[in-house]
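What follows is one structure encoded as structure tokens, with my remarks underneath.
Labels A, B, C, D, E and F are assigned to the chains in the order they are written; within every chain, residues are numbered from 1.
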Amino acid sequence: MFYHEPKLQYTVRVDKPNPQFARLLQQAIGGIEGEMRVCLQYLFQAWGNRGPAKYRDMLLETGTEEISHIEMLCTAVALNLEGAKGDLIDRVVSENPIVENIMWGMDPRHYLSAGLAAMASDANRVPFNGSWIVGSGNLASDMYANVMAESTGRALATRLWESTDDPGMKDMLSFLIARDTMHQNQWLAVLEEIGGPTGVHPIPNSFPADQQKEEFAYTFFSTNVNRPAAPDARWASGSSIDGKGEFSFMHSQPMGEEPKLAPPIPSAYAQTDQMKDKGSSHQ
Amino acid sequence: MFYHEPKLQYTVRVDKPNPQFARLLQQAIGGIEGEMRVCLQYLFQAWGNRGPAKYRDMLLETGTEEISHIEMLCTAVALNLEGAKGDLIDRVVSENPIVENIMWGMDPRHYLSAGLAAMASDANRVPFNGSWIVGSGNLASDMYANVMAESTGRALATRLWESTDDPGMKDMLSFLIARDTMHQNQWLAVLEEIGGPTGVHPIPNSFPADQQKEEFAYTFFSTNVNRPAAPDARWASGSSIDGKGEFSFMHSQPMGEEPKLAPPIPSAYAQTDQMKDKGSSHQ
Amino acid sequence: MFYHEPKLQYTVRVDKPNPQFARLLQQAIGGIEGEMRVCLQYLFQAWGNRGPAKYRDMLLETGTEEISHIEMLCTAVALNLEGAKGDLIDRVVSENPIVENIMWGMDPRHYLSAGLAAMASDANRVPFNGSWIVGSGNLASDMYANVMAESTGRALATRLWESTDDPGMKDMLSFLIARDTMHQNQWLAVLEEIGGPTGVHPIPNSFPADQQKEEFAYTFFSTNVNRPAAPDARWASGSSIDGKGEFSFMHSQPMGEEPKLAPPIPSAYAQTDQMKDKGSSHQ
Amino acid sequence: MFYHEPKLQYTVRVDKPNPQFARLLQQAIGGIEGEMRVCLQYLFQAWGNRGPAKYRDMLLETGTEEISHIEMLCTAVALNLEGAKGDLIDRVVSENPIVENIMWGMDPRHYLSAGLAAMASDANRVPFNGSWIVGSGNLASDMYANVMAESTGRALATRLWESTDDPGMKDMLSFLIARDTMHQNQWLAVLEEIGGPTGVHPIPNSFPADQQKEEFAYTFFSTNVNRPAAPDARWASGSSIDGKGEFSFMHSQPMGEEPKLAPPIPSAYAQTDQMKDKGSSHQ
Amino acid sequence: MFYHEPKLQYTVRVDKPNPQFARLLQQAIGGIEGEMRVCLQYLFQAWGNRGPAKYRDMLLETGTEEISHIEMLCTAVALNLEGAKGDLIDRVVSENPIVENIMWGMDPRHYLSAGLAAMASDANRVPFNGSWIVGSGNLASDMYANVMAESTGRALATRLWESTDDPGMKDMLSFLIARDTMHQNQWLAVLEEIGGPTGVHPIPNSFPADQQKEEFAYTFFSTNVNRPAAPDARWASGSSIDGKGEFSFMHSQPMGEEPKLAPPIPSAYAQTDQMKDKGSSHQ
Amino acid sequence: MFYHEPKLQYTVRVDKPNPQFARLLQQAIGGIEGEMRVCLQYLFQAWGNRGPAKYRDMLLETGTEEISHIEMLCTAVALNLEGAKGDLIDRVVSENPIVENIMWGMDPRHYLSAGLAAMASDANRVPFNGSWIVGSGNLASDMYANVMAESTGRALATRLWESTDDPGMKDMLSFLIARDTMHQNQWLAVLEEIGGPTGVHPIPNSFPADQQKEEFAYTFFSTNVNRPAAPDARWASGSSIDGKGEFSFMHSQPMGEEPKLAPPIPSAYAQTDQMKDKGSSHQ
């Protein structure tokens, strides 16, 4: 169950409102690297957690923190959009400030659809998509999904930091960058606890090893027809990273036959030419 | 540049065609954990690679291998859909086999839209979506994205393996499961080469450390109002996983103020009640 | 800023786990009538609120409550999916329980992608979509959006209630149905406070009335060529509902001309036949 | 069944073609607040209408009128895009007019994909999405969906009106703004006819009142941990708007227990660490 | 401008209501091969038509006819869903008819979201998507898009015809199949009028022929590394179909160099390892 | 099975890097007219091909060639994005180059999400969508889908060619334009082989002709209420294009009745007013 209070987790201050920067910030709200994704990803992982229970608790804690991050970023967007007023919208009589503003990269829907507020979509107004929320039921692959989300998220935050010289915005972003550092470490701590790379991999580690085609489990297949990869690359020789095999090298070659499909069934109404045939084989 | 040959990378044999299993296999083709995603993810990462060049080569190799996996799975779907013929479609006169087949969980579009062939979508026919393809320009976050994709992909393959007792299908899946093992190891090998967790993290490691709010970079924020997380959890005390800080613990509390937004601008046509107000503050 | 505690807002009890019902419950999580939509809609409206501040507070309160509803429903899904175990999955050796389960309407991705947990999508696994979240910057249209969301949401909840005879599930749904009653009333209370239909409409009420084509603002246009609507219908005669006009009736007829577009420009590379022409007019 | 004639419902005149304004107009065609949505929403509600029949007729009438609005807006887009010719595209030899045009906020796909014509998508070229079309089978929730669609649609139209000083475009928009006034009134007239707030609410009003948890149907839950909402707010005391209860106030508190999920089943291939556990409880 | 009348274009009669068939019919409403797509495609092509004007008229006529087809199919869906009542929903007390119905392949959202009416989506409830509507500004490519839409649409209709033995439904479908025949012929008639294959191709035929790399315009590139295509295939020798070249055959080989990208710029925050490098070349 | 080599199929040279043109090129990568679509469309058609086998081979060949085109375009995007460095990003200290760049039409996600590399989406960053990939199981409709894809694709390429004066980019595009010429001819060659318009149409040609309502198969229905189409148009008189009928002309008129739906079932919880009614008829 959830509570709130009206204050923000961290100060959001915009010194020079900038509607173009508001558009960029949207990537950190509703983009695939954004806070809606990590927030909901951690919460859904928590709500589906089947133990150990301490990880459920941790996922709930950090999922809840991320709601506060969405709140901060939405506030930052709304404050930056106030920049659409001072410079541009006051000139309504003589010219067309909104179109001018859009000419300069403002998202038109920030005005047309939201009346100068944040929306649940990315920097190009592609809507947030629930398919991005990963919760696999396997703790290790979920933790990798979380490390990856915080890594692309931190990369995004550093590029946003680079894209502004507003001191308030830089301050807020350096807070969020720090939190992404913590969260990367947090998910790595879980991976360490449940065995480190050697015990964790291959994911899922509960699948019986003798049921995979072991001979292909540590072999690098090279598809390059005229400059084969170096056979002594780290991924082509030596012990595998999961400690359970030896890397080897193989030139790609077919181990299967050319596929033969049956001819079309009448009720699928292919062309008559197709139905005279004997299916997709060459005989 | 790319070439092909008509044979398959590995044998695809369906002993007992099963249109329901064809639907499940679609998840491994066009689902977020599927082969279209990893194939295109590796290729786009390769095409955008700005060095070191050896990783570009490796990404191209494995991206190319994945096209062969899509081909195998599409063949497997087509062969399983032939099961819609023998048992059911022959009975057309007396009853309604397609509707019956769909009653039993076959995807109707396998018949209606594709005439019994694979499609570029998932097990519920949600189309493949390009937003799933991650290439961030940061090698470490891309490698984590790849480990994660192969981990959820291998979990999916093991569940598909579990969902069939067709010997041919089990054989094909145990080959794909082995390749996922290799690919997990491969991306981990890159992470090892570029520094292991300590050197790789926090991602991106090129952002100047003194520009993040260091005091919040290794602190666990607990949002739980009545049962705080254990302060001695691995992620709340001791050395951080990236080796660059010390974990600490803090009860969540606001560090910012309640947000104050300006009143609506006239040209956004809020309700007149809103415009009488002085904005969103409580004074 | 947000907090949580590990207990649920209201009891979630599943007496007879049912993976098919788990699929139906997904509509109330990630469907357009579901809790993710109302939760995020209220929070985004709050974060963009430009006054009066008391409505911002109320939106935050109820948005926060809705997170707890998502949590309850996700828990209910996870518990219902445990039904996939007892009856079906134990029979793995002799038959194929997952395919059997899917034959009976279970969502295959609940097993394949989530390992028996809730996901951020609807009853047909179409992902939650951020475009559904409405926050227009106009308080009255937002309140109507909220009444509408709670109305379709309550209709959904009553149909889910009808679809189960599990006492635990019926109890949880009758709680959610009650909350939807409250929330409908809540948004109506705001509409009452800011003027009721007469003062609120037409929305937005801040647009200068003399700038709309007043002669068409209260006229019903009938497009029916052979059985015109009754001219004395409530919407074709008498005082308008907003109290600002008189309804009237008119047979649809064109008031504009046939459109004439310029011929294609050369750089758009139409067919040569098109470019010989003088544009889309009939002269 | 449907007919057409080649003239437009109302004059569409563009005095100063403006490709940037063409982009903005797209929001009124294929955006969530746009005419494709209301058109299809009214038609689908009509086609699914199960009585009273007079509402089916009215929905058909207005749904048909809305096709004429899409036609007007598409014509307006095509005429505005002719502005891409005179000023810019003639300068092809010496410079790059399309890129220049796009620099100024024109949608590149208006040229690249459509050869200077309207498209079925919004101002950011996100495609029209069928999920926006609401027809619930409950007349009252559908009428609220329609009021809401016309309210956000009228807000959009007023903002478009504000974004142009082209007399022809302002004239067309003031016609559409007037029609939105009429349509808001029309759906409100239906709500009046079927009972007004008191009889209509809670929606659906056919669900047996004694089957909802009555004690929670008129209680405001406050989630604010440090500044509770005013207990005398209109939504926390006094008679409820639907006239069927009394508002009351309650501090949010959990009424359910912490969820306990069963441990992972073996066939879902969680990590081995997860499967040693006893599920997600703390005992 | 548009009109309607309350009668249907053609009789819709359902002799044996079947909720499963209602689901299949949805593919013909909101699927990519469905009537919403052709309807809107023809109308958008008409509204963007820049001449010759007679094609604009024809597109408007047939686009208008297609609205009537959507209406017929939506009526058919609603009538088929009445089958959910008699057999199943009456048994509410003793068992769970909706879940049972869904077990048999009914779309749950037909009940949960629409109260037994058609929706704007496909057979798997993936929403109609505006990106499917093609209007390129080039008449020939639009006509091919229309032939293709009517071809996949007619294939779909024949498969639906095959999927039912309801005489009323078969009658309606054989009407729609006939209309698809007409519409295929209609778009082919336009292609004949504007030049037939020889004059129409390559599309667009207004692009200056000497600006394409003529030496590659009629050469079949074979990528097959071990069984080259027959050099005397129709597409590898003889006169080209557009009558403007001679087909020839070539083994695929690279004509470009290995790409060399510059190293990452600092402000994109790649990993430090990447930035030491000299870009993606092998030197 | 697939192979690659590190060289490109054709030279990609960018003389004047231009981040705005990089955005336009994305339409040719991940847009509906782009190379990802044709590549995957040909491969999926090949993998589902049920004969004649020679068409499977040809589809595989050209599908493989298209991967090389995606590679060329992604390389072109990456090289054009290097233009974001020289002119703009160097000026980081004194001004804000990224926002400036975005002001001029660069896609912000090229920097924020991809670190200056191509992405799997279109010119407005709408993600590639698997629903665009058509493989119907009917060879003729697939060939029309392919002609149409190459026609809109070639139109796009000519417009891109028009949008740049960079000699390297013009050279690459004139190569791609030539390949589109070849591919259009190739699919037309298949249509010629399997019968030309007369034998191919109506598609599917395997559906028994006597099962369509023959009397409506060659009749043009005119919906225009005040200016009927010319009865001697090519599509209203004379022999049909498929050679199997005679065109005729008819004024649209209803041949069906007004639909009558049953009243709502109780378990769908319509409003009580609706349930008193006798369904949607006028009696």
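FYI, a residue touches a chain if its C-beta (ideal position, glycine included) is under 8 Å from a C-beta of that chain, and two chains touch if they have at least 3 such contacts.
Everything numeric in this text was worked out from a predicted model, so none of it was measured.
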Of E-F and C-E, whichever chain pair has more C-beta contact pairs: E-F
Cα superposition of chain A on its sequence copy chain F - rotation in ° rounded to nearest 5: 120
Whole-Å gap separating chain C and chain D, where each centre is the average of the chain's CA atoms: 9
Chain centre separation (chain A, chain E; CA means) in Å: 30
Between chain A and chain D, centroid-to-centroid distance (C-alpha), Å: 27
Chain D and chain E, separation of their C-alpha mean positions in angstrom: 26
Residues within chain C bordering two or more other chains: 1-9, 32-33, 47-48, 50, 57, 60-61, 64-65, 68, 75, 78, 92, 98, 103-105, 111, 113, 115-116, 124, 126-127, 129, 131-132, 136-138, 140, 152, 155, 158-159, 162, 203-204, 207, 223-225, 227, 252, 254, 256, 259, 261-262, 264, 267-270
Sites on chain B touched by chain E in the complex: 1-6, 47-53, 56, 92, 96, 98-99, 102-105, 107-109, 111-113, 115, 124-127, 137-140, 194-195, 200, 203-207
Contact set on chain F toward chain B in their complex: 1-9, 30, 36, 40, 43-44, 47-48, 50, 57, 60-61, 64-65, 67-68, 70-71, 74-75, 78, 113-121, 127-133, 135-138
Contact footprint of chain F on chain C as seen in their complex: 155, 158-159, 162, 225, 267-269
Of chain E, residues touching chain F in the complex: 3, 5-12, 32-33, 54, 57-58, 60-62, 64-65, 68, 72, 75, 78-79, 82, 84-85, 89, 92, 98, 111, 115-116, 126, 129, 131-132, 134, 136-138, 140-141, 144-145, 147-148, 150-152, 154-155, 158, 161, 174-175, 177-182, 184-186, 188-190, 192-193, 197, 201-204, 207, 211-225, 227, 229-230, 233-235, 240-242, 245, 247, 252, 254-259, 261-262, 264-265, 267-270
Sites on chain D touched by chain A in the complex: 18, 20-21, 23-24, 27, 31-33, 103-105, 122-124, 126, 152, 155-156, 159-160, 162-165, 223-227, 252, 254, 256, 259, 261-264, 266, 268-275, 277-282
